[in-house]
Amino acid sequence: MGISELLAQLADPATIKTLSFADRMLAGLVVTFLGMGITFIALVILQIVITLLARFTAQPSRQPAPTSQPAPASQPAPAPQPAPAVRPVVDTPVATTDDDEIPAVISAVLAMYPTRATGDIVIRNIRKIDSTPAWGKAGIVDQMNSRF
Amino acid sequence: MLAALAEFIHSMGIFNLTLGHILMIGIACLLIYLAIVKGFEPLLLIPIAFGVLLTNLPLADMMAEPIIEIKDKVIHTVQPGGLMYYLFQGDHLGIFPPLIFLGVGAMTDFGPLIANPKSLLLGAAAQFGIFITFLAAIGSGLFTAQEAASIGIIGGADGPTAIFLSSRLAPHLLGSIAIAAYSYMAMVPIIQPPIMRLLTTKEERAIKMTQLREVSKKERILFPILVTIVVALIVPPATTLIGMLMIGNLFRECGVAGRLEDTAKNALINTITIFLGLSVGATATAENFLRVETLAILFLGVTAFAIGTAAGVLLAKLMNKVMGGGINPLIGSAGVSAVPMAARVSQVVGQKENPSNFLLMHAMGPNVAGVIGSAVAAGILLSLFK
Amino acid sequence: MLAALAEFIHSMGIFNLTLGHILMIGIACLLIYLAIVKGFEPLLLIPIAFGVLLTNLPLADMMAEPIIEIKDKVIHTVQPGGLMYYLFQGDHLGIFPPLIFLGVGAMTDFGPLIANPKSLLLGAAAQFGIFITFLAAIGSGLFTAQEAASIGIIGGADGPTAIFLSSRLAPHLLGSIAIAAYSYMAMVPIIQPPIMRLLTTKEERAIKMTQLREVSKKERILFPILVTIVVALIVPPATTLIGMLMIGNLFRECGVAGRLEDTAKNALINTITIFLGLSVGATATAENFLRVETLAILFLGVTAFAIGTAAGVLLAKLMNKVMGGGINPLIGSAGVSAVPMAARVSQVVGQKENPSNFLLMHAMGPNVAGVIGSAVAAGILLSLFK
Amino acid sequence: MGISELLAQLADPATIKTLSFADRMLAGLVVTFLGMGITFIALVILQIVITLLARFTAQPSRQPAPTSQPAPASQPAPAPQPAPAVRPVVDTPVATTDDDEIPAVISAVLAMYPTRATGDIVIRNIRKIDSTPAWGKAGIVDQMNSRF
Amino acid sequence: MGISELLAQLADPATIKTLSFADRMLAGLVVTFLGMGITFIALVILQIVITLLARFTAQPSRQPAPTSQPAPASQPAPAPQPAPAVRPVVDTPVATTDDDEIPAVISAVLAMYPTRATGDIVIRNIRKIDSTPAWGKAGIVDQMNSRF
Amino acid sequence: MLAALAEFIHSMGIFNLTLGHILMIGIACLLIYLAIVKGFEPLLLIPIAFGVLLTNLPLADMMAEPIIEIKDKVIHTVQPGGLMYYLFQGDHLGIFPPLIFLGVGAMTDFGPLIANPKSLLLGAAAQFGIFITFLAAIGSGLFTAQEAASIGIIGGADGPTAIFLSSRLAPHLLGSIAIAAYSYMAMVPIIQPPIMRLLTTKEERAIKMTQLREVSKKERILFPILVTIVVALIVPPATTLIGMLMIGNLFRECGVAGRLEDTAKNALINTITIFLGLSVGATATAENFLRVETLAILFLGVTAFAIGTAAGVLLAKLMNKVMGGGINPLIGSAGVSAVPMAARVSQVVGQKENPSNFLLMHAMGPNVAGVIGSAVAAGILLSLFK
């Protein structure tokens, strides 16, 4: 019995019961090799593609520091803080340098209040205007402004 | 009058309650307890547990199939089905899991993976858990290949992938598999650390990793497009999951679709989560769940997690040796996904050894790679066994 | 050319307008007026009224059934149905009302009921309106038992429950019943006070009630689980409504599912409200609505409200006497539901008699109990007449 | 004709027309008694269960005052204010003591503006971080923090 | 062949191929005249209705100035500013006079922060309470307040 | 083993990739580039482009039809369809476009139109583009009347209307038409100005318009109701689109349905936009799209835009002459819709001639009138060719 036929019998719920333990294990091992093999091949190709991507999009001397320095909102801070049940998070969907400073202002205003209360709130509402004003049309405003 | 009353009383749920129902209601309450008091994946376990509860209340018939009639080319519903039946169609037809992935993509920062593409290897290694468990399930003689594949995918540590695959291959096990997957994902901080310590030396755990490079906006935008194309060209059945994950991520990174990103990661994913959780839980009826197979699933599931963890750590160890150091093997365990819990575990275990060690961002790479890896593995299993 | 024009002109709506259409358009405009200017339940009456308007515009065919064809095990839609037909499936299949209850549960504070479980008796008493009206409708000889039950449920003062029950028992009356239910719910401040004053003495109305005790978080979390189990074991057909109400409330109270609570009580309930309102209104076509039965429904509906109010007040009076005082009978009227309007009415009527009297929180107990009571009554009617 | 049979005839749209007025009313009364009876039974059992619940969850000496003192956001305030068309409401999904104070700060800031304007706004955006950062995983963060 | 018949043949995908170019163009012209004719008729009738509407809802001496002076949120400002990528927008679903002033206060607070950052944010969260507190019931609160 | 591997390799997408697939993937990437980098209608072009990408990845089968089986009056899905198949049902059954209009209505301020009802004439004139293009398409001999009508509607410059009409008349062209419509809407600032300058004199372009009058709340509330009734009575098939646009606007203007307005214009429209965009894009398979007809559609589409622009400007010129001045012909071009881009173009072109000129609010009148005009034209085409 060839491997292909064995796999076919394994895949058919009607015939799998007829396989011996050894056959089942053999077929299972083939699936495991095939599966892990393809998984590795797929992810290795992805790795190569992403590595090439980095090379092709390399920017000579743009100072990228501020762009990504503030940790994205959806990641927990790495530092082991003293078990804070909740922490302030600023959900700015389209984070830019300036955006990251706005919450600081608001937080400063809120910090006028004494206790740890400010540590407990999340400013979730500061948003870029990008797609807000007229639905489906905003993206092109810049284009227009630069054209005329 | 008394006869009428007697008849009515016989239609009460309490007079149709079996031991199986009571056990399942107990399990539902236990899951709710774990979710609320112990904090086990509450956003999914609460709906799932409530679905288990509702489906095991006798005569409530929340999963009843509708009766239809076709007359003159028009479909009429003669008797509507139960609410859970309708919600379950979203799982059964494979609609809900990819929509959850849409929202997950909108929430996920793939930056650490782009900055360190080697992470993908660790994300691949952790899928060993899936296939070894598949092998064990096949060997046990209890399961068909379809069932064994669905059980193995628990080791992917990724709820929507597990539900997507098992809804297609073994819908009758959906409830047990979903409950196992989400419970174990919540228990990652308990399952992983002993394995991680066992397989690494003190020196390895103390290795400090250099800071990750900046990732440009261009890379972030091209990444989801390239991943979709590459994965789809190699494993077509993975396209649905990976494609939706990546369009969600594109909404997030492109900077001009904030509205869509916002809805994908809030209103839409929350709505689907409620529907998916309730209806997946509702498949766990007493007769489906109270079987020896469920115990086997629970046991095999935790094995899958353990093997995935070990495989990730061992490959990271190997990479550290081959590539001349600088890779802390603890980040390998994050390859099982369970985002971001597994990455946090790497961070915490590493910091215990060396308090100045910050592995979190390095572990996020294998962590999100594990999501891609599991979807790829699910696609392979689908193409073999559908 | 002229022939073509003439043909086209004949396909215009205005040349197919009947008196019935005009009357119904007038009714739609009246309902919009009441909703916007008089503030009658605007969130539901505006969509309902617009649905009435759309469905009575001739040839618009918003309720047209789709024509399908099954070939080779694949369903093809040969001609799509009207938009309202598709939205209406959510009512017809019983999907929308429980989803509205999900959101209502996420908004409802059951604290006053937990603090004072006696409120449940008042919430039960107010359901008398449902059954007495059922009796009157049966007696009238105009209606079948299914229709009579659907009319009685108007007295439950709970829109989704009324729509859920009548969509299953008497779908052709859905429009009239929904319009009656929401209109009367809006008119609670007009309907109830005279009845409340008639049945109580000045002294009774001035009774001050002691402050409610604190309710612990544990109680709040266990409450929805216990209510679901208890109600489902006694009246299984009520499980869908009560279960969804309670999972919504569990999201609210558990403290770890804020995301789901937020979506359930905002995006999800609003979306369903728009769909349900428009499609329920769209069932009120001229031929369905302009009948003597509609007048009977409107009359019986207001009777149901009045009887429910009276029954609640009278039981509260009795309880005050039997339990040795301390219960202001005015809180009994809140048992008809119409949350939170009926409770506010109790507050306002009570405060007129005694300006230092604050009945609101005490009335909220029977008020939310009335929601549970109506769902239970609906479940009983379903099990008797489905 | 027994009661059960009468009820069956009542429930069948085809036979209800054949019933006499007296039979219909009798059947209707049975439904009323049955219906109200079961409704009362169900709610009385609920009452007992909830009363027992309170007994079993009784806390000896935890001072619960501040937890529920602030009226939940979704309830109108009981006091008869001078017909304010709209009032400020603070929608804090997971209300705690501290949360209730944050809006006060913001309101105070807003109150720098003179007219009744502040009475007209609703601060809807102050939210606990509970489940915000990484979807589906936040609930367990405390658990982890306490475990390690 | 009459126009009606021609149109019928045009509308049938099976017969359109049998029409000559001249017939097709004739039928197409009929459709164009019919289509533009009905479109104009419909919109002219609408024009008349709206003009009448204005006459019937005319208010004698209500000073309407402040109601609509602030440009609605969803429209971009007309002035050609120096290419601002994004601009502050205040999304107040139910705009009233007072509402329009609240954002000014908040903006003023934010403006304490120096750079152009304030020009980049959108305050999207100031909302009237109208339908917030108890779902589906708020609209009638005024009615009640005025009735009792 | 090697045979199994070979078999697996043949099931990989990359070995089934055709030139057509590659071209379409290239087009998808081009559209994503235009959307993100050039800002072309990103909210719709990104989902559409990603749908094009997904549907052209070989063997991914995202559009596969489900296989069903009817047994004992119950429908069973034997093999679930692809995700895009299910999402596409929302377009195919005509559900998504009206829901998008619901949200658009909730976002649109019809004030400028109410203040200046003459705008409606300009909104009508701009529909000439639709019908002239229809004529050209018929003349070309390449298309049936249904296809020609669907191509003409591109000139309506209104995405949901174009999708609604073509999904009913020519579903196989849906992808090309949607892509053309949204691309050209994004290119309005490039297409319109030369035509506007060509057809107007310097003096006309410099005309200043007097400020628009105030519009009362009463007018704003009555407007959507009246428009619905008037349009439906003249062109019944336009009722679905216009009705949903107007109920959305009523939510906005009535002042008591803020919750519904909020959801309609945020969570709901965003969700539908994602679903509609992806599934419309998914119809653009290589075999559907890579045809000479697509080139013809692209060419005819831009013609339609140009003719609509010219017709609007010319009628505005005429009105200016007939009505004794005071009407700047530049506002006529805004009648093609493409809200609010076309109005901004009027503003910018006018201000170049006379920097103290503010045409924006005056152009918003024809702009929103163009939306109504296109829906009316679509209704007429539907009633002629369905």
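In order of appearance the chains are A, B, C, D, E and F, and numbering begins at 1 in each one.
Convention: a residue touches a chain if its C-beta (ideal position, glycine included) is under 8 Å from a C-beta of that chain, and two chains touch if they have at least 3 such contacts.
Each chain and its UniProt protein: A, D, E = Sodium pump decarboxylase gamma subunit; B, C, F = Oxaloacetate decarboxylase beta subunit.
Not measured: the values here are computed from a predicted model.
Among the other chains, F has the CA centre that is most remote from the centre of chain D. Taken over every residue number at the interface, the positions common to chain B and chain F amount to under half, indicating a different-residue contact. Contact tally for C-E versus A-B: the pair with more C-beta pairs in contact is A-B. Across the assembly, the mean Cα position most removed from that of chain E is the one of B. A separation of 38 Å divides the Cα centre of chain B from that of chain C. We define each chain's centre as the mean of its Cα atoms; on that basis chain B and chain D are separated by 32 Å. Separating the CA-averaged centres of chain D and chain E is a span of 37 Å. Each of residues 7, 34, 38, 74-76, 109, 125, 127-128, 130-132, 134-135, 139, 141-142 in chain D touches at least two other chains.
The multi-chain contact residues of chain B, meaning those touching 2 or more other chains, are 8, 35, 39, 42-43, 66, 70, 107, 234-235, 255-257, 259, 262, 266-267, 273, 340, 344, 348, 384.
Remark: chain C residues 1, 3-5, 7-8, 35, 38-44, 103-104, 107, 159, 186, 189-190, 265, 269, 273, 339-341, 344-345, 348-349, 352 touch chain E in the complex. Chain C meets chain F in the complex at residues 8, 11-14, 17, 25, 29, 32, 35-36, 39, 42-43, 46-47, 50, 53-54, 57-62, 66, 70, 73-75, 77, 80-83, 86, 266-267, 270-271, 273-274, 278.
Note for the complex: chain F touches chain E at residues 107-109, 111, 113-114, 117-118, 120-121, 123-124, 127-128, 130-132, 134-135, 138-139, 141, 144-146, 148, 214-219, 222-223, 226-227, 230-231, 234-235, 252, 255-262, 340, 344, 347-348, 351, 358, 360-361, 364, 369, 372-373, 376-377, 380-381, 384-385. Of all residues in chain A, only 7, 10-11, 13, 16, 21, 24-25, 27-29, 31-32, 34-36, 38-51, 53-54, 57, 59, 64-65, 67-68, 72, 74-76, 78-80, 93-94, 127-128, 130-132, 135, 139 touch chain B in the complex they form. Note for the complex: chain D touches chain B at residues 2-4, 7, 30, 33-34, 37-38, 131, 134-137, 139-144, 147-148.
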